[in-house]
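So the structure is just underneath, and the comments pick up after that.
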Amino acid sequence: MDTKIIRKVVDELCSENSLKSISFRTNFGTPLPSVKELSELVLLLRSAILPGYFISADHEPLDQQFYIGTILEKVSKKLKQEVLRGYCFFCETPDQCNTCKYKSSEVVENFIQTIPNIRHLISTDALAAYEGDPAARSAGEAIFCYPSIRALINHRIAHELYKLGVPLIPRIISELAHSETGIDIHPGAQIGEKFFMDHGTGIVIGETTIIGKNVRLYQGVTLGAKSFPLDANGKPIKGIARHPIVEDDVIIYAGATILGRITIGKGAVIGGNKWVTEAVPSGSKVV
Amino acid sequence: MDTKIIRKVVDELCSENSLKSISFRTNFGTPLPSVKELSELVLLLRSAILPGYFISADHEPLDQQFYIGTILEKVSKKLKQEVLRGYCFFCETPDQCNTCKYKSSEVVENFIQTIPNIRHLISTDALAAYEGDPAARSAGEAIFCYPSIRALINHRIAHELYKLGVPLIPRIISELAHSETGIDIHPGAQIGEKFFMDHGTGIVIGETTIIGKNVRLYQGVTLGAKSFPLDANGKPIKGIARHPIVEDDVIIYAGATILGRITIGKGAVIGGNKWVTEAVPSGSKVV
Amino acid sequence: MDTKIIRKVVDELCSENSLKSISFRTNFGTPLPSVKELSELVLLLRSAILPGYFISADHEPLDQQFYIGTILEKVSKKLKQEVLRGYCFFCETPDQCNTCKYKSSEVVENFIQTIPNIRHLISTDALAAYEGDPAARSAGEAIFCYPSIRALINHRIAHELYKLGVPLIPRIISELAHSETGIDIHPGAQIGEKFFMDHGTGIVIGETTIIGKNVRLYQGVTLGAKSFPLDANGKPIKGIARHPIVEDDVIIYAGATILGRITIGKGAVIGGNKWVTEAVPSGSKVV
Amino acid sequence: MDTKIIRKVVDELCSENSLKSISFRTNFGTPLPSVKELSELVLLLRSAILPGYFISADHEPLDQQFYIGTILEKVSKKLKQEVLRGYCFFCETPDQCNTCKYKSSEVVENFIQTIPNIRHLISTDALAAYEGDPAARSAGEAIFCYPSIRALINHRIAHELYKLGVPLIPRIISELAHSETGIDIHPGAQIGEKFFMDHGTGIVIGETTIIGKNVRLYQGVTLGAKSFPLDANGKPIKGIARHPIVEDDVIIYAGATILGRITIGKGAVIGGNKWVTEAVPSGSKVV
Amino acid sequence: MDTKIIRKVVDELCSENSLKSISFRTNFGTPLPSVKELSELVLLLRSAILPGYFISADHEPLDQQFYIGTILEKVSKKLKQEVLRGYCFFCETPDQCNTCKYKSSEVVENFIQTIPNIRHLISTDALAAYEGDPAARSAGEAIFCYPSIRALINHRIAHELYKLGVPLIPRIISELAHSETGIDIHPGAQIGEKFFMDHGTGIVIGETTIIGKNVRLYQGVTLGAKSFPLDANGKPIKGIARHPIVEDDVIIYAGATILGRITIGKGAVIGGNKWVTEAVPSGSKVV
Amino acid sequence: MDTKIIRKVVDELCSENSLKSISFRTNFGTPLPSVKELSELVLLLRSAILPGYFISADHEPLDQQFYIGTILEKVSKKLKQEVLRGYCFFCETPDQCNTCKYKSSEVVENFIQTIPNIRHLISTDALAAYEGDPAARSAGEAIFCYPSIRALINHRIAHELYKLGVPLIPRIISELAHSETGIDIHPGAQIGEKFFMDHGTGIVIGETTIIGKNVRLYQGVTLGAKSFPLDANGKPIKGIARHPIVEDDVIIYAGATILGRITIGKGAVIGGNKWVTEAVPSGSKVV
């Protein structure tokens, strides 16, 4: 090909205007977060939380402690780096850098301590999957076979980082699970133990959703917002509670859509393809 | 970070209680099945079934026999290893091991012989995709462009292993396709030739489904169970036929939901988003 | 395992009849297109269009020109190779080869020059995602967190190749995005700037769809065909406009299905799960 | 760093004068030979010649034929490519290209047929190593433990290509062995069966050397040229026999230097560190 | 190329006679030792013995214990596998297998406990290198810059395995160092602390050599055997002490050759290129 | 294996005394230099200096500028990192760190500008190899086939860094070439243009050696020191000129040893295996 053509295209792509249009910025020396690194981080965390299920089986450890300890050290380093990049993604002056570094260290120290609880929650999710599947022979089988578990590991990790105030990174972690499973859970969603999503593809769970214990969803269920309240300038107001509250023991069948800050009461059952925009009392069935 | 924090978390994660909660077990020396190995196994099988379409094009073989032969040898070794791990996942005593090994060898020997028939079925599926797509110029194009084909290769492989009684492994293979295509077919489903799923995302096909020849589904179709019959203890009864029978030449449009052990008669057409829980006579249209 | 069994299976798989059934052909020395190569090509293009977001962050270039230039050279070589394979996939005689080579060079030269405009369009898509997301703090965040952006980069690349008449390759590129995001856009679809698909899973957009500026779709929306007009022989007639026209500023909520060559007028809003097969006037709401 | 500095260095390195100084040329579209590819080629050949010793042990083939056949196909393709690059390295006009291609095909076809004989020769070399090593328990052990074997596989491959008139490639293959073992054998050297070099480091064997059967050398032995006869212009005359003839059953101890076209007669023994520039009669000892 | 040619060559290479000539054997199901695995094993051991110097610097461990522990677990598994392969390389009946397994386990258990002493010895070697190099600023610098250290790590590992009676594997480990450094030490050689080989290329140290403390050699030194005593059948008698004894504090300059079971007395100095076949008294100089 | 054994060994290896013995230190957060990174750095530099010869041939650049520019950016980053690690290897307090960083930047900026001259010198070395080899058909062939060229690229790079005062790193770069070629050149040696080392294995060139233009050495030549002058404390005095000066046009044949600060006069010829410790007049022959 004519070299001139490539040179011309390169010049256009490197013009300030063109770069500016895609939010290209230097972040004062800190690179952008790396989706690839975050993907490896999630794999490490999955391996610490559920040893043997995710990382190649020949790492059968003689001694869990060395194995888990080494993983957690790697997790600490990678997470600190990516959290820093997350903070710096929004930096406005190079002076902020030291604050970003300090916050990153603090976040990692706090996050690491939540891992045992994440394992506990995931173990209840695996139990829920097992109980919900007539064919499964053990909770271990459920861990291998259900996208629900993989989506929830990412979510429970992302949610802890979200609570610690980390920007950007939790959503990338959620999006990794969305791409892998077709299940789209915003990191802000609060989800109780023993949560199970059968099949899963197409499920959407919004940022301010609150889900109790022992809830089961099927594929294509949406827990969404009805509309965004706008401020005086017509901009969406941030942080307003706008997604459903789903209480303990609720079952929502495939394709149902629940919109707005309404409560689906304890033990309620929502039928397939239902469109629900008003509160549903405890124990009732919408079919 | 303070090393003490990591040590404390490691200790919690290695405590017997915590490990027990996630079904962590040693399987008497056999590691857990490896999803990564199974993923490579499926790639090898895809390459034997449809040479040139899946594995990097520069392996253009002078001589199919060497190429296919080498692949099948690798398939035999990997499959034997993973099937053994599948059996041992449920072992209760180390004594069972020899039985597991024996069964694994037998399974591989039987499975290998089904591959030519799997290719035959896939070739009819590719033909169906080609005929269903006004823009496609050859069945080869359909192989490249439709997730339906990739989901069906995995399914037809998994279904053979399911019929041979292999635990766990078939479902992992199905889940690999689910993650890749958004199509969730239980390995137990019986599917006739010339099956085509257009677009495919969100399709769910349950364990006891029976599908005839020349059937076409669109995205978001569910062939599901209405409810699980429970036994005296309130546990779901296993192995009960609970999913639809779809006869030859049926078309089911996007988003339709068919639930329960009902029969959709030969040549019937089910419209988009329909909710069907009762039998549909041959040749009729539900729109 | 008994070597005879493998030999027998190999013989069956290498028999002329079996190979013919799967469209196995030699393409006169040109290998089949490589999905792996195309996947790497898309990654390179993503990195040229949105530097820093897709390829590992330590390639922080001192000087965009070297970085972008090197990528474009690699893109030229890989694309030329794959486009050639695309043409040769349909070759009928080895004589055609020189024509295929000539056309491939021409395509690459033309395609390369469209990249700055693809970046421009993607920057408007990122802006649309940012504006549609109350929580996002910058268009850059939207690039990281929305499958919409990834699906649209693939689409806008594939669409340029489609317009240049390249066979097969554009559909493989679209299918790569479908697998990654659950969003299935045919490369023929014409899509204006500032397009946003929230959540995205299950969206299907057909070949002759025309979408205006500033349109927003939610998960599970179908823009499909009602039926294929058949010719005298009962074969679908190619190239007939059979999918919707969606004008500027339209919003279509989750799960809605729009079928046929109908027009959704400027600023119209289609509610969730709606089934629309007739034209919708500008500014109206279907709820 | 200041971008201007890099730009200035880049300009200097890309100036025509600077590039010319290092023989940078385009070869009319054919890239330079790839040392990496040649290194992989040698590994494949080693694996065909001595199955199981060089390529990772888990390729234990059920059936040698598939395994060896697949390797030879890869060898054919890689070798053809590199031999072509070798010829084109000296091309002077693009018109020569077709001749180069034709010659490359012919070379590969001829070379492939010499492999069984190369294996035969290497098996005699392994036997020689085994017999020369009081501690070795089998010829197989010798294959694993002696650099002599690795240097000779490369040499025997390179020598066949040298005899077929291939430029450049044989010397790169020899140099690969030199780097790996410290043994430097010119591809032109003629070496009989049962050749053994104990320890090997520092051995140099020149282009026109002729070595009989059952010869043994120790580390640091040089079989070199005394001087280059010059032509009328003072340039070395090519192809003149200028290195020693070493007859059957000779032993040359460590550090000895034999220079010029002299004959070391059958069964002679040359002591360590000896400097020999005149013929040595059969059966005599130089100590 | 004509497929028939490849088929013919394959047949020749797979004929029983041809395979037999290269000691091809099945080892009753155990593959041959893997040089690649052994190479990784040595890298792991180097990293345990000298943390930070050999494996990529970003594994900077927060906590040595996790890091070293994980490495030692990997070492145990890999070593056990390769030692087993070493034993089985000489197996004559499949019945021996259980003995081989038992011996492998025992070897690994014993070997692992020698690692701290290997580190101790290497630390004295590093000190010797540092003291012998006027330019070096620390023993750490010596570890990075001297092939002597790398050759000695391999040797001290191989020597422990040699003492434990492991066949084949120690020599492969020595040969790995020979290829990397040009230093050829037989695993049987006994070498005291503070050993230093300056430059190193071409050094050869034979199986029954005994070297005291604080000895220094230069490049090209040979500690070899004068001749092999033969038994009644003319076969070399195994295990006879036939290499030099080098006492403490000896220095041997470049290119010197010491042959036979002679003693170089404490503190002696042997000049460059000397040929020594008789004992040298303590404190004397041979120049 | 008994877990207790591994734990015990881990404890020993992590004890402060054991770690101290091997100079294990934390360098205040900066990891040790990485030999792997330095090896990649050298490969990049080789590719910038001699494009097409070292890095895989399919990077055939349409446009040298993008290619070289990208390489130099990577070189800058990697080199800066490793030079910093080199300085910090000798740091005594964390306060020094900023100085180390500043010096690293400065070194890289200066080094980068010497690359065009390094290419110039290497091009004269390739010419020398070509002229010295009766069989070679171009200087390009010499680049591919002579270890001399690879050793000299490393040396000329290392020498520039040595002159810039960088600790440790230059010697690691030299040792990489030593391992690859058997040629051991201290980074301090000053070497003029058109230098050629035929065969090369075993050559040793000391730190204060000065070599003129157009000098040729053969395998096994040593340019060494006779002895180290000691200071009052018996420690070697650093930086004293102690190696030979070799003037223009000298030839030194295989195995010769030249020791001490003596001058080998212009055009002198030293015969094979000679031992020279006194000055040699210009034009004379030592044979």
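Note that the chains are named A, B, C, D, E and F in the order they appear, and that numbering of residues resets to 1 at the start of each chain.
Methods note: contacts are C-beta pairs under 8 Å (C-beta built on N, C-alpha and C of every residue); 3 or more make two chains touch, one makes a residue touch a chain.
Since we're looking at a predicted model, the values are computed, not measured.
Over half of the residue-numbered contact pairs of A-B are shared by just one pair in B-C, A-F or A-E, which is B-C. For the self-contact between chain B and chain C, the two sides draw on mostly distinct residue numbers; the shared fraction is below half. Chain centre most remote from that of chain E: C (centre = mean of CA atoms).
Distance from the chain D centre to the chain F centre is 26 Å, each centre being the mean of its Cα atoms. Centre-to-centre spacing of chain B and chain D amounts to 52 Å, using the average Cα coordinate of each chain.
Looking at chain F, one finds that residues 1, 6-7, 10, 58, 62-63, 65-66, 69, 73, 76, 182, 201-202, 220, 255, 273 touch two or more other chains. Every pair of chains that touch is listed here: A-B, A-C, A-E, A-F, B-C, B-D, B-E, C-D, C-F, D-E, D-F, E-F.
Interface residues of chain A, counted against chain E in their complex, comprise 58, 61-63, 65-67, 69-70, 72-73, 76-77.
Against chain E, the residues of chain B that register as touching in their complex are 1, 3, 6-7, 10, 62-63, 66.
Residues of chain E that touch chain D in their complex: 1-2, 5-14, 18-19, 21-25, 31-37, 85, 89-90, 167-168, 171-172, 174-175, 178-179, 182, 184, 201-202, 204, 207, 220, 222, 224, 228, 236-238, 255, 257, 259, 273, 275. The touching residues of chain F, counted against chain D in their complex, run 48-54, 56-58, 60, 64-65, 68-69, 72-73, 76, 105, 108-109, 112-113, 115-116, 119-120, 122-123, 126, 134-135, 137-141, 143-147, 180-182, 199-202, 219-220, 254-255, 272-273.
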